[in-house]
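Note that the chains take the letters A, B, C and D in the order they are written out, and that residue 1 is the start of every chain.
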Amino acid sequence: MCRWLAYSGEPIRPALLILEPRHSLVAQSLNSPLGAETVNGDGFGVGWYPSTGIEKPEPALFHSIEPAWHDENLRELTRAIESPLFFSHVRAAAGPPIQQTNCHPFRHGRWLFMHNGVIAHHARLRRDLMLALDPELFPLVHGSTDSEVVFYLAITYGLQEDPIAGLGRALRRIEEIGRAHGVPETVQGTFAVADGETLWAFRYSTSHRSRTLYYSVDIPTLQGMYPEVERLRLFGAEARVVVSEPLNDLPGAFLEVEEATVLTLDADGFREEAFLREPA
Amino acid sequence: MCRWLAYSGEPIRPALLILEPRHSLVAQSLNSPLGAETVNGDGFGVGWYPSTGIEKPEPALFHSIEPAWHDENLRELTRAIESPLFFSHVRAAAGPPIQQTNCHPFRHGRWLFMHNGVIAHHARLRRDLMLALDPELFPLVHGSTDSEVVFYLAITYGLQEDPIAGLGRALRRIEEIGRAHGVPETVQGTFAVADGETLWAFRYSTSHRSRTLYYSVDIPTLQGMYPEVERLRLFGAEARVVVSEPLNDLPGAFLEVEEATVLTLDADGFREEAFLREPA
Amino acid sequence: MCRWLAYSGEPIRPALLILEPRHSLVAQSLNSPLGAETVNGDGFGVGWYPSTGIEKPEPALFHSIEPAWHDENLRELTRAIESPLFFSHVRAAAGPPIQQTNCHPFRHGRWLFMHNGVIAHHARLRRDLMLALDPELFPLVHGSTDSEVVFYLAITYGLQEDPIAGLGRALRRIEEIGRAHGVPETVQGTFAVADGETLWAFRYSTSHRSRTLYYSVDIPTLQGMYPEVERLRLFGAEARVVVSEPLNDLPGAFLEVEEATVLTLDADGFREEAFLREPA
Amino acid sequence: MCRWLAYSGEPIRPALLILEPRHSLVAQSLNSPLGAETVNGDGFGVGWYPSTGIEKPEPALFHSIEPAWHDENLRELTRAIESPLFFSHVRAAAGPPIQQTNCHPFRHGRWLFMHNGVIAHHARLRRDLMLALDPELFPLVHGSTDSEVVFYLAITYGLQEDPIAGLGRALRRIEEIGRAHGVPETVQGTFAVADGETLWAFRYSTSHRSRTLYYSVDIPTLQGMYPEVERLRLFGAEARVVVSEPLNDLPGAFLEVEEATVLTLDADGFREEAFLREPA
């Protein structure tokens, strides 16, 4: 339903990825060739870990209900800040309401989360999903999206201790609630999680037909493949991106993440692992 | 926390009450002498039953997160439509989020509802309040205010069959949930309810110190008292208003609604009744 | 750059044309097959002459910078009001700023105006265009679009006395200013003008390659052609629409307005006339 | 009509001044004791020179039409960035339109500008003011405020070479245009200008009754006066503020800028000079 992008590496101005590439996230907001919807104009968000000496390690958020393609503040902000780890998301809402509390990424303490996809029959399941939350977390759900509930369920099930296990248990619980309501293929999506140092990107759906997800080949390799592409010199050796669809048309620059897979990105680079492949 | 106004009578342009009086609702949004907060700039709403031959008897809503005093669409709309029964509300939020789904009035089918006041320690109570809802109504709560939950609780407890009993039972249930959480004085507010024909206005708080509420003296009487006031000639004999604070400085034009009272307004005029005066 | 629709006939709820047809204006905001841009998500507007007994004959405006497809107030409003003559417009901006003062239709007294198209090199010409305005009108230009300047130039050149001559002289003046700046093909567009009783729709560009414009076949004829189409029974015999592209796929329901033509619609129906076909 | 604040010194999070003081700019937006209007809820802006290694020396802008007191993005942004020189402004509009292009500060290249006050009878004078602009600058005026025209007039008259002379000549030209239209007391205001290194703050009105303006005593002195005030330890020795009204109640912490005075703040601290005291 949406498109998202996550970056980790040397601190950069987010505009370098969000605004400037041929198929930047903002370009995808107006026209995303691989998206379930081609227009993602129902609000957007940026979440970033500041690179300057802010005392609190918490990420900052910028949420807007305007389309990303015409928001002036987005242009200003992503050119003025620098960040070693940021998320950005453009939304195509299945329905109202369009409001800042429904814009991704979501934040809890030092954790960021975003989602592209859907919990099937969310309205029918919402009460049971909300009841499955840690009661302390219940009043923190300020919006009305399925995605925010997935995030707080993942926290309920241990995301802050073990993000892969936490989100895995949350999705299994959602599938269980779905089946109890006669909804067989409940979960569908790609998910991004970060704690300020590590980034986890998930591709998973109950029916094994998830939205697309790609990650970038490492920059030194890319610079070797395309020595004439000047843009590639703007990035450091550690720069890596996970994204709903490729940001450029360079063959080999982006690799698809397999279905039922989690990608972990830290100082050692990307690591792929099977995710929820065993029967529920 | 807010200011509201409800009108019933001959169809009028809502601007006549919302924009034009000396202490109009829009004037109160910038400066409300009797309010708990003097500025009510955190969004507003208008709900109106159309007077033209619309097939569906449902009221229409206009919600905005801009301050009422500078919203051009509010000016345009309230001068262009006519309605025999409308609500308007300006909000002073205790906190974020400011979003259209948190703007009053709320609507369910042909019912309108609005509230000035607070459910104490709402965040702490919210899970139990939401669990007390009819499960069918749970996914219809789109915003994050206490007021919207009060409305759907009142529907759960029979508002559509008997508004006075329904809201009464809902408030008693809220007080019970409050006591279970160690919150002794849970409910505080004035409430307005309408079904398109009748208007009910409530003043009630657990501690018997509710926000102010006033109703207008009938127009023929007022015209007799103030034959020189031209503005009064703009209103028909049936025009009646209930409002958080008087719209003008004419002595005797507005009468205070007593604590723990419900006012019913229909073709026969106003009727006052005790509301929740017996011990819980 | 935009899409627009103008209706004249028996009072109807604007939603009947703006929201509900297969290719409604709101559907075109997300995907307009014949548009220069396929997405028209940079704000919208509705201007309508009230059908109820409002004393002032001035039209009312509703302007929003949200995309039309997700604006709840647009849905509410266009279902609650009725109007015998209304305009609606969805915008695809060539650039910022996106603001209500740049949303069409524009209003002056009882006149409404909207435009799809462009004045080429507007920034370069703007000073001279503004200087060509009646000085009294200068401070009434609140936005930064080319379209608003065209409107006030047309008023300067007599639109209120003779809309066809007034707009014609304004466009000739704009072409003259363009040529003086070395811009050969200055004007491009379709324009709608109304005074509350009559509707004028223009298709004209300096290079004779204007945006598309269509008008509806009269309803009794259409009902005869398509007796099985239930939707057609919702309209009265006088209902007529002018629109940037057809609202449905019924062959023969919409006829194209020729290049360099003005269509006048009043109680006698449509009348076509050549517009600015003589050499400048 | 507004309130503003300008900071220069060691890089700080703007929240330290915009959000956190007892009488912070955001607090003043809801209630400004010394303001011509007590509520400044008609939009706001922040302009800041980034402290990180951004290649371009241009300041960044954040503009919003929401009231500052409830804007979440303002909170996030001013806590996440750091800047050695920033402006912030909360607006009380004399009238519509409320739009981002009317929010201060304004920017041209590396220059920032903001204004509290008014050009009397602006609508009547606007055409002549706009005509007095360098024709190249004419299309850069995107909003409808008097303040933006003052800024571009000052640029026309040499602000980028000599800010004090440039603004001085612009204000004299405005007074001349005012007199030609029979407006005797045309200029009223306090103005802030910066180029990324130096800050200029002006207090001037034709009638010598300008809005208030204050500057902060230097931090080491203040820390000596108030050794027990912990907040003062958050600021470096170079931290200096110019502001419409004092940010705290510490006697002696803020000094009033005299009428018809310009304050220059650079690495050497504040310098006061007479401004436009000679007869026009």
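In the analysis below, a residue touches a chain if its C-beta (ideal position, glycine included) is under 8 Å from a C-beta of that chain, and two chains touch if they have at least 3 such contacts.
Given the structure is predicted, the values throughout are model-derived calculations rather than measurements.
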Notebook entry, point to check: Rounded to the nearest 5 degrees, what angle rotates chain C onto chain D on CA?
Noted result: 180
Item checked: Residue-number overlap at the chain A/chain D interface, same or different (half cut) -> same
Note to self: Rounded to a whole Å, what is the gap between the Cα centroids of chain A and chain C?
What the structure shows: 40
Notebook entry, point to check: Taking each residue of chain B in turn, which ones touch at least two of the other chains?
Noted result: 72, 96-97, 100
Notebook entry, point to check: Where on chain D does chain A make contact in their complex?
Noted result: 11, 13, 48, 50-54, 56, 60-64, 72-73, 76-77, 79-82, 100
Next item on the list: Over in the complex, which chain D residues touch chain B? Could you list them?
Entry: 30-31, 38-39, 41-42, 65-67, 69-70, 72, 93, 96-98
Note to self: Quick check: in the complex, which residue numbers of chain A touch chain B?
What the structure shows: 96-97, 99-101, 122-124, 126-127, 130-131, 135, 138-139, 142-144
